[in-house]
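Two complexes come next, and they have one chain in common, chain A, joined by chain B in the first and chain C in the second.
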Partner chain A sequence: MNTLITRGIQALMVAVLIGAATFAMMRALPGDAAYRIAAGRYGYDNVDTAAADAVREELGLGGPALPAFLTWLGDLLRLDFGTSLVTGQPVIEEIGHQLGASMALAGVAVLLSLILGPPLGILAGLRPGGVLDRVLLVVSTGLKAVPQFLMALILILILSVQFRLLPAAGHGEARHFILPSLALALGLAAVNARIARDAMARIGAMPFYSFAQWKGLSPRQTLLRHGLRNVSVPLLTYLGLQFVTLVEGVVVVEAVFGWPGIGHALVHAIFSRDVPMVQGTALCLGLSFVLVNAIIDLVTQRIDPRRAA
Partner chain B sequence: MSLLKAEDITVSQGDTPILHPVSLHLEPGEPLVILGETGSGKSLLAQAIMGTLPRDLAARGRVALGDRLLDAARPDGFRPLWGRQIAVLPQEPWLSLDPLMQAERQVTETHRLVRGLGTTEARVQAAADFDHLGLTGAGHRYPHELSGGMAQRAAIAAARAGGARIVIADEPTKGLDAARRDEVADLLLAELARGGGLLVITHDLALARRVGGRMIVLREGRVVETGPTKTVMDAPTQTYTRDLIAADPDNWAARDRQTAGAPVLTATGLAADRGGAQLFSDLSFDLAEGRILGVTGPSGCGKSTLGDVVLGLVPPSAGRVKRSEGLAPTAFQKLYQDPVAAFPRHRTLKGTLEDVARRHGQTQDRIDALMHRLGLAPVLLLRKPDAVSGGELQRLALLRLLLVRPKFIFADEPTSRLDPITQKHVIDLLCETAATEGCAIMLISHDPALVARTADQMLSLDPAAPNLDVTPTRVAGALQ
Partner chain C sequence: MKHTLAFLAAALITVAPPVLADNTLDVVAQFEIQSAEPSTSGYIFTRMGVAETLINADPKGLLTPSLATEWAASEDGLTWAITVREGVEFHDGHAMTAEAVANALEIARAKPGPLSKTPVTGIAAEDGAVVMTLAEPFAALPAYLAHYSAQILAPAAYGADGTGVEIIGTGPYKVTNLAPPLSLKAEAFEGYWGRAPHVPNVSYAAVSRVETRALMAESGEADFVFGLDPASVARLGMSEAVTVHSVAIPRTLLMKVNASHPALSEPEARQALSLAIDREGIAKAVLRYPEGATQLFPPSVGKWHDETLEPLAYDPDTAKTLLADLGWTEGSDGIMTRDGERFAVTLTTYPDRPELPLVASVLEQQFRAIGVELTINTTNSSEISSGHQDGSLDLGLIARNFGLIPNPVGTVLSDYAPTGDWGAMGWENDEIVELARAVGRGDGGDAERARIAEILQTELPIIPIAWYRQTLAVASGVEGTVIDPWERTFGLQDLKLAQ
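Showing the complex of A and B:
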């Protein structure tokens, strides 16, 4: 219960901070916002001073910053995210549309990273210093060091351009998922594997792990009954933190593969100075971070009763 | 016929022998005690017999179990015996139970997977084990919700569930108070009465005496003395065994009563609680320079809390502690139970001590003088905490306190992790410090004999005997 209250307060603070930060940053960007919005609405070729002035007039862009921010905050409390300055559609509808696509991509990527990383990490952690452990250290450090946009390009070059196995971009079919989710998953799996490896090595060296075997359990039974549950706690906790990496990756990878998700939308909204869209999107990402961690808190408390105390 | 026979067991690290040839045999119904200090090789001997040595150590020798003959050099051969033929009781029961699994399920799984009972049968059997050990109703608790004694009993149930007839207990009473210690010994003996074998490895003389049977005394990897436990303990033939037995607090001579110096503190009407439950109330005492106040009581009765209240680290729920006027804020100091945890791990001791000396305006001469007085070799200062023995480190911890020129030292079980001979040495030094430095000392111990022979005043926090008498006559009473 305490967890939920803490997380609720956290969510509120996240909302205010993100709103203020995005608002300030958008105001601080160079250039005339009216021109950029007009360009977003009518296309770059159709923008002139008249169109920009019309936009300025319509949206009241010339006004002072503080009242505009407070209005946004007030609207937010009524769960009104405002309307996009470019399309004129309610922000919440736009986000709802894009969020689904992003969540599908992120979900597949996390699943893939969990299939790849932790099992290898656990195997390596059972024999610290062994061949698998050393190979995994090199491979995971290497994978983690490759930035996601580069990873995406390397995958495109190898699998789409060279071998023509998969489409380089697109959305809608199952095979379109493979490259973007793999580009995200490899980086996540590299770190997952390290966390699982360290947790397993630590738990394998604990007295209770030896004691379980002295009771007569086989190594396999010991791992299944006493190893996995204990490894899962640090792994889940880390998964919550990894959400930041995931969001960062989604923005980049969506841009590379032309995936119509929230990251893609955020980049476009920034270009065309669509402040309500930027605020709405950033808020949505920030709050989902709090939500994901609240869920993980509850799950780990269920697995590890010491945490509930 | 012997249950287990081990011949010429040796352990070596590379080319360095750590344990010289030892042979032993376990008979049904007759316990065998292996007595020795830390580093005597007693645990290694047990590990060699079980095939659980760390990888960098190699064992040699033959182990015969019933009609099976095993080679100690091939530890894999022992694995099928674990739980089925040999049950191993772990050192620290709390750490030996899976923290994320309810206690009774850890017994049930052994019945099911090792003994091969059906799911329901295993559950019924585990519940019966818990009832038998006086743990009725505690089966659904997680290890952190059990007391040390309960965890020890749950671990015994789990270790025995596989049906093994031979029990090897490695320091089964580490960190337990006297009452719990006897309880564990009785439990082990009860198991033995069913015709099994029992091997107890310990440095605890009281436990050894209670277990009885035969005894092997080990020192630095060699057998010093063997024989029936009672004979060895009553009439040791070797000097080392005599020293070891003389170091038992039960055999200490009582310390000469000190005359009190200037008063250091006065406590009036102290009370404290933990988690809503009252630990103690209405405690009043005063303490003067050179005096030692001994505090005893079972684990969890609030001994450490009382010390922290006196230090001002924990606020009392009632009453107050008045320090004498003119004392520096740092005049009240604490000597911790585990010296290893009280030193920064990656710094040399010299660096740590010099920091303290500089902060409190003490010179290198003072460090040297104290090193000499506490019987510490100067070369130790160049090492890191993990490269000196526990007894040396505890003396260094005392030295660090003395650099601050304390008037009051709260010593919280300062020797519970030390061997008997080292324990006596550290306690003697502590008593000497009270006299030479003019400190008041509050000494906490789970061992009433140790406190009775050391303290000038005594305070019992035992809830079963709520006589909070602090007069010296009580000390005399405790001695009889």
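Showing the complex of A and C:
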């Protein structure tokens, strides 16, 4: 319960800080916002001073900063995110649409990484220095070293262009999930596998683990009863940290695969000075960090044998 | 294990669709859909054959009837009567009346765009025609009605304040699903007034990365792929799955010059910069085009291109002599100086067109060879426009479209009569203003156009570098592809599938 209250206060502080920071940063960026918004709306062939002046007049830009910020904060308390300066659509609708697409992609990627990484890592950790362990070290280092952008293109080249198995890009059907989520998952799995392997090796070398085997449990029983639960604690904690990598990856991967997600939206909003969109998306991402970490805290508290006792 | 893998592979193969299996032609390009607003995303709706304009243009720029059957100006040139085609139906089933057309044009005129820059003072509907009244004669008006922002949508397509809320056009295709920013789906419209399209369904997807677009073409995921980079064109040219088309378009890669900058105010200084540019080299090595620009207007703008004009040359030695004659001397670091001022300028450009920053870095080297120091600033495209306005711009590397309306006089008027955000800066020439206005009114002909081209070539308020080509990859098996040099349509209604 205490954790939840702490996290609730954290969430509130995160919201105010992110709001203030994005607001200050967007104001501090060089260049005239009216021109940037006009470029975002009408494209480079049609942006000119007349278009910028029309935008300035329509949106009432150029007022003092403090009242604008206070208005935004007040709107936020009423859960009103405003409307996008470029498309004129309510920010909450745009984010809802895009956040859903990104969450689905990220969720599938995490699931895939958990299926690929930890089982291999645990097997390797059971025999540190064995063939699997050494092979896994090379493969996971290699995978982690490939930037997601390159990974995505390699996957498209092999699976779409060469073998014509999967669509190169697109959105809307189940088969469109496979390549982008794989591009994200391979990098995540590479690290997951290493964490699982190190945890397993460390736990396998502990006296209590050897004792479990001495008292007559088979290696399989020892692993299931005493190994997995202990390995999953560092793994889950790390998963919370991986969320940062995941968000970074989503921005890149969404651009490559033409995925209508929040990363894509954030990049475009920044380019065209769409302040309400930037504030809205940054806020959603910030709060989801808090949410993910709160969930991980709760789960690890439950499963950690040392704390559960 | 082997069986599982084989089964998985088989399952995946059966999921992969053959071209047009679902009778849908998939179009992919870089342009994102903002919303159902014609002034911002209208070019996607006209290109996809969803919305139409009153007047069309053929590849040579000749105006042809579309939703208007004829148009004529009064004796004094102050009123234009545009006859609206009869029997045209909007996608919502309502008839297209002259009132609906006048409504759409009034809304378009109130928003930023070409129509708002014309001397039109009023638009009214009268017995099946739209009558436009003008403050002064303006012969180029019909070409402005061919611009995408002047597309005709049903009255129900606009909200109370005139914002576009739904795409209800008259085109051969009718929108079935619009999901900004990335996708649009449409099907053949049964009530279409013209020839029915061959392909029953079309889809549009915006994919921002050029690498992905090229791979989608190569893998057969998309049938009609726009906006390819030079490297992808070379690779796709070798593939049997696609055919690459390329056509010259009325767009020029040029350098905008601030003629009020102390170092750039003399025409000889601008000529020196022009002589320092190896256009042939840039065209072949960076853009992979057959040739560089020899003048501002490309051959594709027809009557504005003047074959007799002496071509822009590459001659760094003469460039140095010109600078020396202006009093510039080479400093110890190889950069020219005059009265203690170094010849150091900033070139502003934008990455929306990936070739611009590449060309900028080549220019940096070529200018250094004649002792001019260039700093490159790659930023948002609007910096060109705002830098023009507050005078902070030195040089701008831009891609200027002479086909915004299918009559280059529109661009000439807004850029050089006397200056413009995307044209001349700090340079005013009364003669060119007179000539351009005469051509705009309809009093000017070949002699006036040739004189405009000549003034621009000698005075160089902007320095032309290359003429653009539009490239397109189309799946083999799709026939009837025509690239519209005016970038107004994808020509989907004329495409056929090979049997």
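In the analysis below, the second predicted complex is superposed on the first by the 301 of 309 C-alpha atoms of A that agree within 3 Å, B and C clash if a C-alpha of one lies under 4 Å from a C-alpha of the other, contacts with A are read in each partner's own complex, and residues count from 1 in each chain.
Everything that follows uses one rule, which is that contacts are C-beta pairs under 8 Å (C-beta built on N, C-alpha and C of every residue); 3 or more make two chains touch, one makes a residue touch a chain.
Just so you know, these numbers come straight off a predicted model, no measurement behind them.
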Discussion item. Looking at A:H171, would you say it contacts chain B, chain C, both, or neither? Reply first, second, both or neither.
Written reply: second
Discussion item. Is A:A196 touching anything from chain B or chain C once the two structures are fitted on A? First, second, both or neither.
Written reply: neither
Worksheet item: Touch check for A:Q213: first (chain B), second (chain C), both, or neither?
Response: first
Discussion item. Going by the contact rule set out at the top, does A:I303 touch chain B (first), chain C (second), both, or neither?
Written reply: first
Item to complete: Scan A:Q221 for contacts with chain B and chain C and give back first, second, both or neither.
Response: first
Worksheet item: In the superposed arrangement, does A:I122 touch chain B (first), chain C (second), both or neither?
Response: neither
Discussion item. For A:D48, using the defined touch cut-off, is the partner it touches chain B, chain C, both, or neither? Pick first, second, both or neither.
Written reply: second
Discussion item. According to the stated criteria, A:L283 is in contact with first (chain B), second (chain C), both, or neither; which is it?
Written reply: neither
Worksheet entry | Which partner reaches more residues of chain A (counting touched residues only), chain B or chain C | C
Item to complete: Enumerate the residues of chain A that count as touching chain B in its complex and touching chain C in the other.
Response: none
Fill in: chain A to chain C touching residues, read off their complex
31-32, 35-36, 38-39, 41-52, 54, 86-89, 153, 156-157, 160-161, 164-172, 175, 255-258, 260, 264-265, 268, 271
Discussion item. Using the touch definition from the top, list the residues of chain A that touch chain B in their complex.
Written reply: 206-208, 210-217, 221, 225-226, 229-230, 233, 303-306
Worksheet entry | Contacting residues of chain B [partner chain A, same complex] | 50, 52, 79, 82-84, 87-88, 90-92, 95-101, 109-110, 113-114, 142, 144, 155, 158-159, 161-162, 164
Fill in: chain A contact footprint on chain C (complex, rising order)
9, 12-13, 15-16, 31-32, 34-35, 37, 39-40, 111-113, 116-117, 163, 179-183, 205-209, 211-212, 215-216, 218-221, 350, 352, 379-383, 385-386, 388-389, 398-399, 401, 404, 414, 420-422
